[in-house]
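Each structure below appears as structure tokens.
Next come two complexes, and both contain chain A; in the first it sits with chain B, in the second with chain C.
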Partner chain A sequence: MSSEGGHSWARAFRYTFVRDLRLRIRHGSEWGSPLIFFALIVTLFPLATTPDRTVLVTFAPGILWVAALLAVLLSLDALFREDHDDGTLEQMLLSPVPAWLLVLAKMCAHWVMAGLPLALMSPVLGLMLALPSSVFWVTALSLALGSATLILIGAIGAALTVGVRRGGLLLALMILPLYIPVLIFGAGVVRLALDGVDVTPYLAILGAMFAAALALSPWASAAALRLAHSG
Partner chain B sequence: MWQWIHKWASPKHFYRVSTRGAPWLWGLALILLPVGALWGLAFAPADYQQHDSFRIIYVHVPSAMLAESCFALMAVCAVVFLVWKIKLADIVAKVAAPFGASMTFAALFSGAVWGIPTWGTWWVWDARLTSMLILLFLYFGIIALRYAFAREHSGGRAAAVLSLVGVVNLPIIKYSVEWWNTLHQTASFSLTKAPSMPESMWVPLLLMMLGAYALFGAVVLSRTRNEILRREHRARWVRALITDTCDKEH
Partner chain C sequence: MACGPYWTFVVKCRARERRARRDDPARDNERQVGLRVQLEGRQLGCERDERWLFQALEFSIEDGDLCRVEGPNGSGKTSLIKMLTGQLEPSEGAVLWQGKPLPKARAAFHGALVYSGHLSGVKEALTPLENLSWYQAIGIDDDARSVAACWQALDAVGLKGFEDIPVAQLSAGQRRRVGLARLHLLNRPLWILDEPFTAIDREGVAALEHLVAEHCHKGGAAIVTTHHAFSSVAFTRRIGLDGHGGHHVL
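So, the complex of A and B:
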């Protein structure tokens, strides 16, 4: 019985994950927009401050991280909104499979479409910010790990505001304070790499934050979705 | 046990019982705060290093403690409200939030004023200061989230979830001065150790802290009572209460 239950859980996870991926890929603008936004924000900084490469490189970790953080924040609306509007989310909550599992599947799909591309794109933008190529892989790694944490934390906020009209600004207000620790250590990883220091302590803290968020967020988001649906 | 809790959770019973408690708390706050303030600001000896500027401690420490205690209270209320669906807990969480936000602001502001004579700057990006600033933003987020919902009940539950998530910030604030090497000093007061300052300095501080907690209790209690009346204004006992008061006045 239990093995059969485990089997159906894995299947439900896989179906939700694949379904979300498929839906995202078919809506090109939905996964393209955060990436373009990421590139645009990064472009603004050299134009607003200075194109001087020596100055720019000191700001590069912060600029990349803030821009990626804002891109993740803007993408969060897509996480639950559409499924909420057409009633799919309600069916998911009613299904015998635990809601946290389906929410986790949705988060994973979201990371593949909105978190991982940011990390993959970071070397190109790092090049524009005069970042030396030796720190590219650390930057991408910190963004890949960090964006997963950001999505996990942000999902709680997205779930809470799913029933609120024009919840975008409210979502930013709620979630940005919680993003600050991730930002500090994420940008810290890149800065340490720039200084040529061992980055593992900061990466470990970033990983610890990811582990804590992974343990708590699916459960909290599912609870928040239930609250939004029960009235 | 459960009956006792349910009795206390009923707004009507709480309102009746707290009628006598609220004036006491207000009285306690109104005695302790002026005595502590006068003692601390006028009679306590000046610090040998910071001279008179150290007196800001009598405002700074109580407001910072309240800022954190208030958030802890909101988190406890959030659990009670989400798990046992006790509406009174939601009311307390609602009225505590603006008070906590103002105390956080008071702590940040008094700290900035104190920073000028001691550190030579209004603001540094130190771990303690930054985590307090995050606390202020969390308060704002919780208040904004509550009012974003058309239905009071939904807003209350959303705010409860967010305050539970935000509670991770409290230990960070508490230990920020120990985990990171920062400009902000470590705690000068604790339950387990003797205070690191002379009696003439810490007694007024203790009075201010007790007074601040009394004020906290008084404000939350009084505002809870008002909120109970507002939410239950259709209930029979509230109407009876109003007609009674009107009868007495005429």
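So, the complex of A and C:
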């Protein structure tokens, strides 16, 4: 049964992933909003502080990372809410496929629509903050890895607050402390790259946090969903 | 990669094993037997806000049973259904599937169950066909693995011609029918339906009644909560809740 089971699990994962992508694409505004939010915050900083390139570039890693973090946080509330409201969430929890697998599929789709675009857009916004083009790749890589970690961690909070009406603020309060290490090392990667130092140690720590979150978060989120759903 | 040939070998062996298992007629019998319905409630109790909705509820549902859960509003029908589907932990007692308590038998139990609750479980931005093919995938149902099965299920609930229209553009009754198409699509022995007749027209109600009766006649089992009087079907079991902690089981 195990090999047969593995095959149908992969199919369930694929269908859930594609379903979520399709839903995001059809609700155009929903997947665009974190991206626009990200661009807006980054645009406002040079206007509010100074156009001086040497000053801006020292703040650039922090600005990019804080804006990306808030954009991810903003998008997380929608991760399970719609499924909870229309009843597909309870059907997912009643499926013979383990819930963590379906939750993981949802997280992957969320990253493709709300995390990866932030990373891809970072060079453009980096240009605005006077980042030298030599660190574009490192910035994008740190944001791609970091946003995946942020989504994985945040999903636990989103799952716990799914039954709470207007749980957005509660979610932020719960999740922000857990985001701090990711923020420190993520922005640290870009800062090291700016200083021309080897970034691999910081990237490795960021990768380790991603791996730990990937291992724990799907199970924790699925358990949290069951808990929130039975309340 | 030094281990390349070894992995090719392992993958081939697994594929062969899988084929052999699929062609084995004995396995089909085994599956049929394995999927017998045997759902029991042992001393079930439900407490809400320091008030017992019901206590010491004992019953068992087996193949061919058509069970009705009845009672006034707020008497705990939906809570009972949620306990039976494993969504709600009983305040006391246990629900057993084939003799095993639910949390342990979860995967096997959910592989034998179609549940239709108050929420339709249908995505509005997707078409009925996309909704059903997703249900097929997460239901890991071997017998209904084709798009054709989805088309047939939609045809059976009277939605032929609406396959490619986003559900958001359908009426409330039609949305409900998309959810109920899962009964046709997934080959499961146990149906648990919470108020399935909401928003459905008279012909739809008759068809659904007929479908449930036929399912039980063929050896499946169904648990239904409804205020609607079944016109043509006899219930083999009734669980009545009075809303003051009392109940009767027939």
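Just so we're on the same page, the second predicted complex is superposed on the first by the 231 of 231 C-alpha atoms of A that agree within 3 Å, B and C clash if a C-alpha of one lies under 4 Å from a C-alpha of the other, contacts with A are read in each partner's own complex, and residues count from 1 in each chain.
Everything that follows uses one rule, which is that a contact is a pair of C-beta atoms (placed from the backbone, for glycine too) under 8 Å apart; a residue touches a chain by one contact, two chains touch by 3 or more.
Note that this is a predicted model, so its numbers are computed, not measured.
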Worksheet item: Is A:Leu93 in contact with chain B, with chain C, with both, or with neither (first, second, both, neither)?
Response: second
Discussion item. After the superposition on A, what does A:Leu125 contact: first (chain B), second (chain C), both or neither?
Written reply: neither
Worksheet item: Is A:Arg22 touching the first partner chain B, the second partner chain C, both, or neither of them?
Response: second
Practice prompt. Give one of first, second, both or neither to describe whether A:Thr161 is in contact with chain B, with chain C, with both, or with none.
Written response: first
Worksheet item: According to the contact criterion defined above, which of chain B and chain C contacts more residues of chain A?
Response: C
Worksheet entry | First (chain B), second (chain C), both or neither touched by A:Ala228 | first
Discussion item. In the overlaid three-chain picture, which partner chain does A:Ala220 touch, first (chain B) or second (chain C), both, or neither?
Written reply: first
Item to complete: Examine A:Leu178 and indicate which partner it touches, taking first as chain B and second as chain C; both and neither are also allowed.
Response: first
Response to the item:
The residues of chain A that touch chain C in their complex are 3-5, 7-9, 11-12, 14-16, 19, 22-23, 26-27, 85-88, 90-98, 102, 226, 229-230
Worksheet item: What residues on chain B touch chain A, complex-wise?
Response: 82, 130, 134, 137-138, 140-142, 144-145, 148-149, 151, 153-154, 157-158, 161-162, 164-166, 169, 172
Worksheet item: If you look only at chain A, which of its residues touch chain B in the complex?
Response: 156-157, 160-161, 163-164, 167, 170, 173-178, 180-181, 220, 223-224, 227-228, 231
Worksheet, complete the sentence: Given the complex, residues on chain C that touch chain A span 14, 17-18, 21-22, 82, 85-89, 107-108, 110-111, 113, 115, 117-126, 130, 133-135, 137-140, 142, 166, 179
